[in-house]
Every structure is written in structure tokens, then in C-alpha cells.
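You will see subunit A twice below: alongside subunit B first, and alongside subunit C after that.
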Partner chain A sequence: MIGLIAHNALLISVAVIAFGAIVAPFAIRSGRREWLQLTYGAVYTNFVLVSLATALMIVALVTHDFSVSYVAAVGSRSTPLLFTVISLWGALEGSILFWAWVLALYAAAVVWFHRDRPGNLVPYAAMTMLAVAGFFALLLAGPADPFVPVWPVPADGPGPNTLLQNHVLMAVHPPLLYLGYVGMTVPFAFAIGAILSNEASSNDWAILSRRWMLASWAFLGAAIIAGMWWSYEVLGWGGYWAWDPVENASFLPWLTATAYLHSVMVQERRNMLRLWTLNLCVATFVLTILGTFLTRSGILSSVHAFTTGTIGYYFLAFIAVVLVATLVLVAGNSERIRATGNLGGVASRETVFLLNNLFLTAVMLTVLVGTLYPLVAEAIRGVKVSVGEPFFNRMAVPAMVALIFLMGVGPSLPWGSTTVAEARRRMIAPAIGAAILGAIGVLAGARGMYAILAFAFVGYAVVGNLREYWIGMRARHNAHGEGWGTALLRLIRGNRRRYGGYVAHIGVLFVALGITASSIFRSEREATLLPGETLTVAEHTVRLKSVWGREEPQRSVIGATLDVLGKDGEVIGTVEPRMNYYHVSDQPVPTPDVRSSLRGDLYVNLSAFEPNGAHATVKVIVEPLVPWIWFGGLVMVVGAVIGMFHRGRRTRVPPAPVASAPLPEPRVMETVP
Partner chain B sequence: MNWKRATIAVLASVPLIALFAYGFTRDPGEIPSPLPGREAPHFALEVFAPGEAPLARRVGDTISLRELTGKVTVVNFWASWCLACRDEHSALSETARQYAGSPTQFIGVLYNDRPSLGANWIAGMGGQSYPSVLDERSRTAIDYGLYGVPETFIIDPSGRIAYKHIGPITSSVLRSWIDSLLPGAATDTASVLETR
Partner chain C sequence: MNRKWVLGGAAVILGVFGWLTFGGLEKNVVFFLTPQELLAKGDAGVGVPVRLGGQVKPGSMTWDAKTLDLRFTVTDGARDVQVHSTGAPPQMFRDGMGVIVEGRYGSGGVFQATSLMVKHSNEYRAPEPGEEAHEKYKTLIEQSAP
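So, the complex of A and B:
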């Protein structure tokens, strides 16, 4: 019954979407703008219908209605409630349904917030989003229908993929990823809308879509970090990033979105890079679809690949349509879109932004080539190759290190131009930061140019960004006699975009520091221990206490309890790495135990055990600064949130009057040029 | 609208789409094994499940690959916890019985499992015509580059691996390989590999 209602809701949504998308151009061409309400109505109706279908799926999952095919495939009576609910995105059909719901939500929100904007930008954007939604609705109506009736009704199901029911981060990573991925549809829709409505030669659409891009960028960044965390906490290998095709697929649009967030500022300020910014919008969306295609079609070997049927062919057709349609629109109109502004001085912020875009694009292309190369090699040379860490590290790391440096340079350079002497003066403080952190890195044992540069540049950029806060706060403090806390708050409120951006920079720098330190200074050992025996890795000692077993409804748990010993051999804590044997699978799911501190992680994984408890083989990994990666991700999101709720350029706190002490820089409050 | 530029841009995207379309014709999970054609890694393993007459071996006997030179040897890795092993069980057991009179030897190798569970499984499946051996610490499985169970290796009379099968094997695959490798077939591994 549930299946029937939901299936029909999805069928109706196909018709509603098609109607809404077709009406829009007629309404605009014929000048009957009141018809546009039909398009907007279709957007809202689609949201209601897909919400209904999604809610019914959750009901079906929770009530173990195994007459619904998706529930029969991923449900199980012994699975805990939380994991039953989140198995909504645990397999192909459910994840497509969830995707369609997020897209419907975004489309409804865009129409709701921008429905009164004059011009044809929003109607065309709504049409574009409906067209994309139409693709997913078609998938749900046919090849990825999650509501196929099952008869006879099974008594129980296998439960979700065991890897996906072992950690609570599975409740976090996928929804964030979808919010990020699907959100990229909005800037894309604005870009297409801008071309169709002849507004692409103004900067308005790019500014309008900036906030949506920022939100999606933050979601995607948080999703990537949460995915790294999940991999770290569940897979038992002590790593968080493997350059797996699907990891790369999530990283690619994040790179172009980051480039967009910077290039749109140049477009706004200097009237440059208009075509480029539009291309970044389009590329970001295409890369999200490409990423989904790579995950869902099974054409690349990946840990994330779902088992698939024919859905890959539909995605291929969709990519082809999207590529051809956008290329025709963008390339065909490129002369009209192209901007006419020009660059300020060499030592200016826009120069840094250009370099930033150049390097981000370089990293993106490197990762893209590395990801697709196995396919190219097989097509052209007929050989199977796999492209792994060495390629990506060698090719992408230099550009990433350069980006860290630029993150420190950009904030301290003004728009327009400055003198070389002035630029040099502004680099003194960051350079000291670079020297300090670089020296710490070398003393800790960092060798190799990129390792040392990474430390030094993180130091440079942290100081470079904090210095902007310091200068602004000091100016307010001196001018208004504000307390430092008030000065900080008012400073941020006065220009949320700018200071939010610096917070996001700090977050990214924490991530960079955590990745650099944990990959250079990682040490690990594996040993088989009898109870009472110890294992020491990088001054951390663990002692095996016992090996135990426990039965839970959906799994058997084998664990080892180890004492963590302090310097004098006293017990300062315990760790309990486990292996979870789910009843439906032969493969145990490792569940390492991680003891975190600011300085880093003690990561203990149970590799093997003797069933009678006589001994256990454990792997102990010491990874410095790993928690900084997770924390940095959070800071990045905070920065994005600050930047998102700016009140526009005109409403700002009045600039601080020049105080008795001369302000060090004339641009403290960022007056509009 | 500049149609020339638009056309060029679209043409530039064709190779990418063609590449993805090509991708569908490939299975990325398929890893070609370097083993076929090479000498089979040696093993000498202890029997824990005897099998049935006339193929039976005493429990505790050691089966060594070296003593099997001159026979077509079928080595099947299995486990009691492996669902797919149930599917191939009767094909293996019956084919082994059919070839009982010719120079062949079937061996089951228990993988990552306890002998008592393995013996129970055999009893539950209605018996196994040929003997199964224990692989302490999975040494043999590692030598054979086992990826999972079931996997089956067919070794020719000269001790070379002729064929590696991943997943449940069928009796027709078994029969065609054994027939082509039996001494009377006047072929060797190399030529069989070539014709395939």
C-alpha cells in the first residue's frame, strides 16, 4: 500500500515537472508572466510529492514493510532504528530518492526566496532545476524505482551494507554530501538562467548565486571531512584519504567551487573573469554529475561503487545532454558574456586570486586526469593500470602547497595595486610565522622540500589571516575605544564576507596542518600480544589486558581491552578495538579505538585474535595532529556561515573615523571603490 | 549565438562521452591473474575430511602436490561460512566421482575456518566425494593469491596452473578443462591457453 502511494506520487511528479519546465519558456516568450506561477507551482508541488515519497520510504523502513523492494534489499528486523532510518541513503535506489528530495528542496527554496525578483533569470533557473529534477524523477519512476512490490513478502531482510551500519558518521556524511552535491545545481541553474535571460553580461546573477554556492561549498567540504573521518574510524587502516575515484569525485567540484568563490569577487570588484566565473559554475555542476556517474555506473573500480543495473546508461545519457546543452549555450554566447575589466597592479589581491584560480584548476585537472586515466589506458593501450597515491601526491601536492602560500598572501594585499615596498612590509609578520612553524616542522623531523614548505606556508598563512583581524580590531579599539571582544564582533559584522572568508581560511589551514603532520610523522607497529605484554610505538605504550566476545542482536563483537600506559608505566586509560561480525556477512568490520588529544591520535586496531582469548594481534598507529583535520573542517563551516549571512554591500556599520593614531592601512572597513 | 564556437565545444566533449561509453564494456573489478601458465606453488597439507570411496584418503594423511605429477589436479578453496561454496558443492563432488577412473585428483582446501565446522558443513551438504585438507595459517591460500572463496585452480599433469576460476564453478567448465588436459588429449596448457 505504502509502495503504491509513493510510486504514484513519483509518477505524478514526473508529469508535474515536465509541465512546469515546458510552461516557463512559453510564458516568457509570450509575455504572459502570470503563467510563470504555474512553473513555480510545479516546483512546490514536486517538493510536496517527493517529500511524501521519501517520508513513506522512511515509514516503510521503520515498520519493516518488506513488500517494498528497497526495504527488502536493505532492511532487517535486527538493525538498530537509527541505521534503519539512514539506510535510506545506504543503497542505490534510496540514495537517488534522497537526491531527488534534496533537489526538490533546493528548487523550492530558490523559487521561494527569489520569486519576486524582476526579469527572467529566476524563471529560467527554475526551469533548469526542473529539468535536472526531471532526470531524477525519471530514474525513480523506472530504472531506480525503490517501491517495486515484492511478493511473497519476505519475513526479514539482510540489513544495510555492514560497513554502513557500523558508525554513526554514516548518519552525517551522506546527507552533507548530498546537500553539497545537489546544491551545486543552484549556481548552475542561475548560470544557465543568466545566459537564457540575457543577463550573463551583468554581474548580478553571479552575486545572487554566490550565497547558494557558499552554502553548497560548506556542505560539500564538511561532507568530505566527515567522509575522511568515517574512513578513519571504520576501515581500520589508520588513513583518511586514499585518492579513491569517488573521493576524488567529491573533491573535484569542491575545487572548482572554491575557485568560483574567489573569482566571483574579482568579477564583482574589477568586472573581470565573467565568462570564467560562469564556466566554474557550470563545471562544478558537471563535475558533481560526473562524480555521481562514476559512483553509480561501476565503470571505475572503487570502494564506494554500488552494485548497479542499467542506471549507468541513463547517467551517461544525462551527462551527454548536460554537456552538449551547456557547451552550446556557453560557447555560443561566450563573446557576449566576456567581461572587459582589467587587472590592477601585479602586487594586488586580484593577481593572487588569478593565481589561486590557476592552481585550483591545475589541481582539479590533475585529479581528474588521474581518476580517468585507468579508463583511458584501457581504451587506448588495452592495459589495466591503477593510479594511486604516488601520482596524486607528486602531481597535486606542489600546487596545493602553493595554494596554502597564496592563502596567506591574498588577505594582506589590497585590491587594485600597491607598491613593492608596501607589499614587502606586509609580509614581515607572516614571514615570521612561516619561520617559526617551518623550524618546528624541521625540528620535529620533517625532511623534503614540500613537507617543510607546507609547514612554513601554513605558519605564513595563519599569521597572514589572523593579522587582518588584529589590524581591524586594533583600529576599532583605538578609534572607538571598543573592548577587544566588541571590536572583534563589530569587525566581523561590518564585513561578514571578508572576515568569514578569513575564518574559512584558518579552517582550511588547520586541515592542511593536520594532513601534513599526520602523513609525515605517522609511525605504526603491529604485534601479537599475550595478556600482560606491551607494545610501544613512538613513546606510546599499550598493554593487552583481555580478549573478549559479546553477542548483540545484529552482530557478534570480538574486542580486546588494552591499557594505555603513561611514562612511568601507570595506567592512564584504556582502548577497546573491536571486530564486528554482522550475521549477514562473512567479512568482519574492524572498529578501531582512537584516543585523541590536541597533539594527535593513538589509533589501535584489532587485526586478529585467538578465539580462546590467548592472544591478540593489534596494530598501533601514532598519528600527530589528526584531530586538527576534523576541527579545521568545523572552523571552515563556521567561516562559511559567517560569510553567508552578510547583509549586502550597502548596509554596513559606518566606517571608523580616522583616529588620533594613524591607521596602518586605508582599507580597514573595505569601502566600495 | 555563435554556432561555430558552439559546434567546436560540443565536438570537444565527444571523446569524453565516448570514453565513458567505452567504460561500460569493461569490468574494472576484473584483475587478470598472472598464475595460469606458471608452475603451481607447492603444498603438502593434512587431510581433515576423508572423502568417500574410491577417492577417500585417511584423515591425517598428507597430500603433497609433488606426488600428483601426471594427474590433472583440481584445487578448490572453500569455507563453511561461504554461501557461494554451497552452489558449487555438488558440481565438484559429482565431477570428481565421474572422473574417479582417470588420472585426476580433486582436493578441497579449507580456508579461514575450523576443521570441525568444515566437517559439519560437509555432512550437512550430504558428503563430499574427495578429500579436503587444512591450510594452517592460510599459507597455501597466500601462495595462490587467493582473493576470496570459492576459487578453483586446475593444474595440468606437468604441475602448471592451467586455469583459475573465481566464484562458484560449474561441472561443464570442470569437464572441458579436465578433458583437454588429460594425457590422452594430446594438448598442453600452453596450447589450451592459446586457443581460449
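So, the complex of A and C:
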């Protein structure tokens, strides 16, 4: 019954979407703008219908309605409630349904917030989003239908993939990723809308879509970090990034989105890079679809690839349609879109932004080549290969280290131009930061050039960004006698985008610091211990206490209890790495135990045990500064939130009496919904 | 600084990256091979990163829990390759099971593995009659029961 209602809701949504998308161009061409309400109505109706289907799926999962094919495939009576609900995105059909729902939500939100904007940008953007929604609605109606009736109804099901029901981060990483991935549809829709409505030669559409891009960028960044964390906490290898194709698939659109967030500022300030910015919107969207193709088609073997069905061909066809359609549109209008502005001097912020875009694009292309190469090699030469980590590390790390440096240079250079002497003066404080952190890195044992440079540049950029806060706060403090706290709050409130950006920079720098330190200073040892025996790694000692087993409804758990010893041999804590045997799989899921502090992690994994509990083999890894990666991700999101909720009114900071103190830049006029 | 400069600079940097990409790519490609394919390569297969796929030859596995010295033979039915690695074998590692080992084939005729993966299916499959894959940890759970 549930399946039938939901299936019909999805079928109706196909018709609603098609109707809404077709009406829009007629309404605009014929000048009957009141007809546009039909398009907007279709967007809202689609949201209601897909929400209904998604809600019914959750009901079916929770009530164990095994007559619904998706529930029969991923449900199980023994799975805890939380993992039952989140198995909504634990397999192919459910994840496409969830995707369609997030897209319907975004489309409804865009129409709701921008419906009163004059011009044809929003109607065409709504039409574009409906077209994309149509693709997913068609998938749900046919090849990825989650509501196929099952007869006879099974008494129980296998439960979700065991790797996906082992950690609570599975409730966090996928929804964030969908919010990020799907959100990239909005800037793409605005880009297409801008071309179709002849607004691409103004900057309004880019400013309008920036907030949506910023939100999606933050979601995607948080999702990548959460995915790294999941990999770290569940897979038991003590790492968080392996340049695996599915990781790369999430990283690629994040790179182009980051490039967009910077190039759009150049477009706004200097009337430049207009075509480039538009292309970044398109590229970001195409990369999200490509990523979905890579991860969902089963072409790559991974925890993300669910089936080896025909769904991949639909995605390939969709990518082809999107590429051809946008190429025709962009090429046909490129003369009009082309920007008119000029660059300022060499030592200016726009130069840094150009370099930033170049490096981000170069990293993106490198990772893209490395990710697609195995597919090409197999198709052309018939050999099965994978591209090893050394390639990615050698190619991408230098550019990323350069990007860290630019993160520190950009904020301290003004728009337009500056004198060399002034630029040099502004680099003194960050250079001291670079010297300090670089020296700390060398003293700690960093030897490689890129490792030392990474430390130094993180130091440079942290000071470079904090200095902007300091200058602004000091100006307010001196001019108005504001307390430092008030000055900080008012400074941020006066230009949320700018100061939010600096916070996001700090977040990325924390991530960079954590990655650098944990990959250089990682030490690990594996040993078989009898109870009472100890293992010492990088001044951390653990002592095996016992090996035990426990039965739980959906799994059997084998664990080892180890004492963590302090400097004088006293017990300062315990760790319990486990191995979870789910009843549906013959392969256990490792569950390492991680003891975190600001200085780093003590990571203990149980790799083997003797059936009679006589001994256990454990791997102990000491990884400095890993928690900084997770914390940096949070700071990044905070920065994005600050930047997102900027207000549209013009505020000017009164001039400070101290002439030499550079003022925070006055805000530019913005059109805001 | 005009437009041509920007485009020229962009072309140079992208060109350098393109060159490095294709220069570094071929050297870092990891081939997926079966024992037969690996041995057919002769000297070309020695010392290069390889992912070797096959089955664990029944009765070939030895593991010393104290030294973590792990040896077994991977077979594809036609040819055998001896594998050596240091570390614990994956749980449920058993005779005849599909494995993928990543590492390099040494000139001494032994494949030095850096990582072991067990090929397994995520699809649910009901246990066959008489099959008791979980024996290994059942003992421990019974012992731990209060």
C-alpha cells in the first residue's frame, strides 16, 4: 500500500515537472508572466510529492514493510532504529530518492526566496532545476524505482551494508554530501538562466548565486571532512585520505566551487572573468554529476558502488546532454558575456585571485586525469590499472602548498594596486609567523621541502588572516573607543563576507596543518600481546588487559581492552578496539578506538585475536594533530555561515583618526533578495 | 598587465602541469594482474607496484603471531606466486578465499605485499547448511559470558 502511493506520487511528479518546465519558456516568450506561477507551482508541487514519497519510504523502513523492494534489500528487524532510518541513503535507489528530495527542496527554496525578482533569470533558473529534477524523477520511475512490490513478502531482510551501519557518522556524511552536491545545481541553474535571459553580461546573477554556492560549498566541505573522519574511524587503517576515486569525486567539485567563490569577487569588483566564472558554475555541476556516475554506476569497486546495473548509462547520457547544451549556450553568447574590466597592478588582490584560480584549476585537472585514467586505460588498452597515491601526492601537493601561501598573501593586498614598499611592509608580520611555524616544523623533525614549506606557509597565512582582524578591530577601537569584543562583532557585522572568508581561511589552514603534521609525524607498530604485555609507540604505551566477546542483536562483538599508561607507568585511560561481526557478512568491520587530544591521536586497532582469548594482535598508531582536521572543518563551516548571512544594506565604517591604519574596506552595494 | 599576459601565464602553468601529469602518471600506475599475467611479464614485472588477485592456495598459509610474519601462496589455477607480508592476516582469512594483495614482486620470486584485501561480496547470502563461518569468535563469546 505504502509502495503504491509513493510510486504514484513519483509518477505524478514526472508529469508535474515536465509541465512546469515546458510552460516557462512559453510564458516568457508570449509575455504572459502570470503563467509563470504554473512553473513555480510545479516546483512546489514536486517538492510536496517527493517529500511524500521520501516520508513514506522512511515509514516503510521503520515499520519493516518488506513488501517494498528497497526495504527488502536493506532493512532488517535487528538493525537499530537510527541505522534503519539512515539506510534511506544506504543503497542505490534510496540514495537517488534522497537526492531527488534535496533537489526538490533547493528548487522550492530558490523559487520562494527569489520569486519577486523582476526579469527572466529566476523563471529560467526554475526551468533548469526542473529539467535536472526531471532526470532524477525518470530514474526513480524506472531504473532506480525503490518502491517495486515484492511478493511473497519476506519475513526479514539482510540489513544495510555492514560498513554503513557501524558508525554514527553515516548519519552525517551522506546528507551533508547530498546537500553540497545537489546544491551545486542552483548556481548552475542561475548560470543557464543568466544566458537564456540575456543577463549574463551583468554581474547580478553571479552575486545572486554566490550565496547558494557558498552554502553548497560549506556543505560539501563538511561532507568531505566527515567522510575522512568516517574512513578514519571505521576502516581501521589509521588514514583518512587515499586519493581513492570516490574521494576524488567529492573533492573535484569542491575545488571548482572554491575557485568560483574567489573569481566571482573579481567579477564583481573588476568586471572581469565573467565567462570564466560562469564556466566554473557549469563545471562544478558537471563534476557533481560525474562524481555521482563514478560512485553510483558500479564502474569502480567501493563501498559507494551499490550495484552493477544500467544506471551508469543514464548518467553518462545526462552528462553528455548537459555538456552539449551548455556548450552551445555559452559558445553562442560568449561575445556578449565576455568581460570588459582590467586588472590592476601586479601586487594586487586580483592577481592573487587569478593565481588562486589557476592553481585550483590545475589541481582539479590533475586529480581528474588521475581519477579517469584507469577507465580510459581499460577502455582503450584493455588493462586494469589504478593510479597510485604517489602520483597524486607529487602532482597536487606542490600546488596545494602554493595555495596555502596565497591564502596568506591575498588578504593583505588591496584591490587595484599597491607599491612594492607597502606590499613588503604588509608581509613582515606574516613572515614572522612563517618563520616561527616553519622552525617548529623543522625542530619537530620535518625534512622534506614541501613539508617545511607547508608549515611555514600555514604560519604565514594564519598571521596574514588574523592580522586583518587586528587591523580592523584596532581601527574601530581607536576611532570609537569600542571594547575589543564589540569592535570584533561590529567589524564582522560590517562586512560579513570578507571576515567570514578569513574565518574559512583559518579553518582550511587548520585542516592543512593537521594533514601535514599527521602525515609526516605518523608512527605505527603492530604486535601480538599476551595479557599484561605492553607496546610502546612514540612515547605512548598500551598494556593488554583482556580479550573478550559479546553478542548483540545484529552482530557479535570481539574486543580487546587495553590500559593506556602514563609516563610513570600509571594507568591514564583505557581503549577498547573491537571487531564487529555482522550476521549478514563473513567479513568483520574493524572498530578502532581513538584517544584524542589537541596534540594528536592515539589510534588502536584490533587486527587479530586468538579464539581462546590467549592473545591479541593490535596495531597502535600515533598521529599528531589529526583532531585539527575535524576542528578545522567546523571552523570552515562557521566562516561560511558568517559570510552567508551578510545583510544587503550599505554600511560605512567611519574613518579612523590614525591616518596610517588601513581601514576595513567599505562595503560594496549588493542586491539581495 | 593585460589580457594576453594572463592567458599566456595560464597556458604556461597549465602546460607545465600537463607535462608533469603525463610524465608522472605512467610511472605510478598500479597494474591489476593474476599470477599468470605477472609471471608472464618476466623481468618487467619485478619491482613495480602491482595488485595481484587470486585465491589463497589451500594449506599454504603460515603465520607467526609473535613476529607477525605472514606467508601464503596466491594461485589463479594456472600459476602460483608466493606472498610475504608483515602484519596480521585479515580476519576470516582462509584457504581458497579470494584475495587482492598490493605490493611488488621481488627478484627472489617472492611477492612482498604492503596491503592485503579480502575479496568479498556485500550482497546478502543465507548460510548454507552445515556452514559455520563464525566458529572462530563464538568460542570467545561463550568464554566471556559471565
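Assorted remarks:
The rule is simple: the second predicted complex is superposed on the first by the 643 of 673 C-alpha atoms of A that agree within 3 Å, B and C clash if a C-alpha of one lies under 4 Å from a C-alpha of the other, contacts with A are read in each partner's own complex, and residues count from 1 in each chain.
In this text, a contact is a pair of C-beta atoms (placed from the backbone, for glycine too) under 8 Å apart; a residue touches a chain by one contact, two chains touch by 3 or more.
What you are looking at is a predicted structure, and each value in this text was computed from that prediction instead of being measured.
In the superposition on chain A, A:L323 makes contact with subunit B only, while subunit C stays out of contact range.
In the superposition on chain A, contact of A:T486 is made with neither subunit B nor subunit C. In the superposition on chain A, A:N478 contacts neither subunit B nor subunit C. Shared-chain residue A:S297: touches subunit B; no touch with subunit C. In the superposition on chain A, A:K384 makes contact with both subunit B and subunit C. For subunit A, the partner touching the most residues, choosing from subunit B and subunit C, is C. Of the two partner chains placed by the overlay, only subunit C lies in contact with A:A608; subunit B stays clear of it.
Shared-chain residue A:G370: touches subunit C; no touch with subunit B.
Applying the stated touch rule to the two superposed structures, the overlap between the subunit B and subunit C interfaces on subunit A comprises residues 384, 586. Those residues of subunit A that touch subunit C in the shared complex are 157-159, 161-163, 342-343, 345-346, 351, 354, 358-359, 361-362, 365-366, 369-370, 373, 377, 383-391, 394-395, 399, 526-528, 547-551, 556, 558, 579, 581, 584-588, 607-613, 615, 617, 619. Of all the residues in subunit C, the ones that touch subunit A in their complex are 1-2, 6, 9-10, 13-14, 17-18, 20-21, 24-25, 27-32, 49, 51, 65-66, 68, 86-92, 118, 120, 122, 124, 133-144. The part of subunit B that touches subunit A in the complex is made up of residues 1-3, 5-6, 8-10, 12-13, 16-17, 19-24, 26, 28-29, 31-32, 79, 81-83.
Interface residues of subunit A facing subunit B in the complex, by the touch rule stated above, are 293, 297-301, 312-313, 316, 319-320, 323-324, 327-335, 372, 374-376, 378-379, 384, 586.
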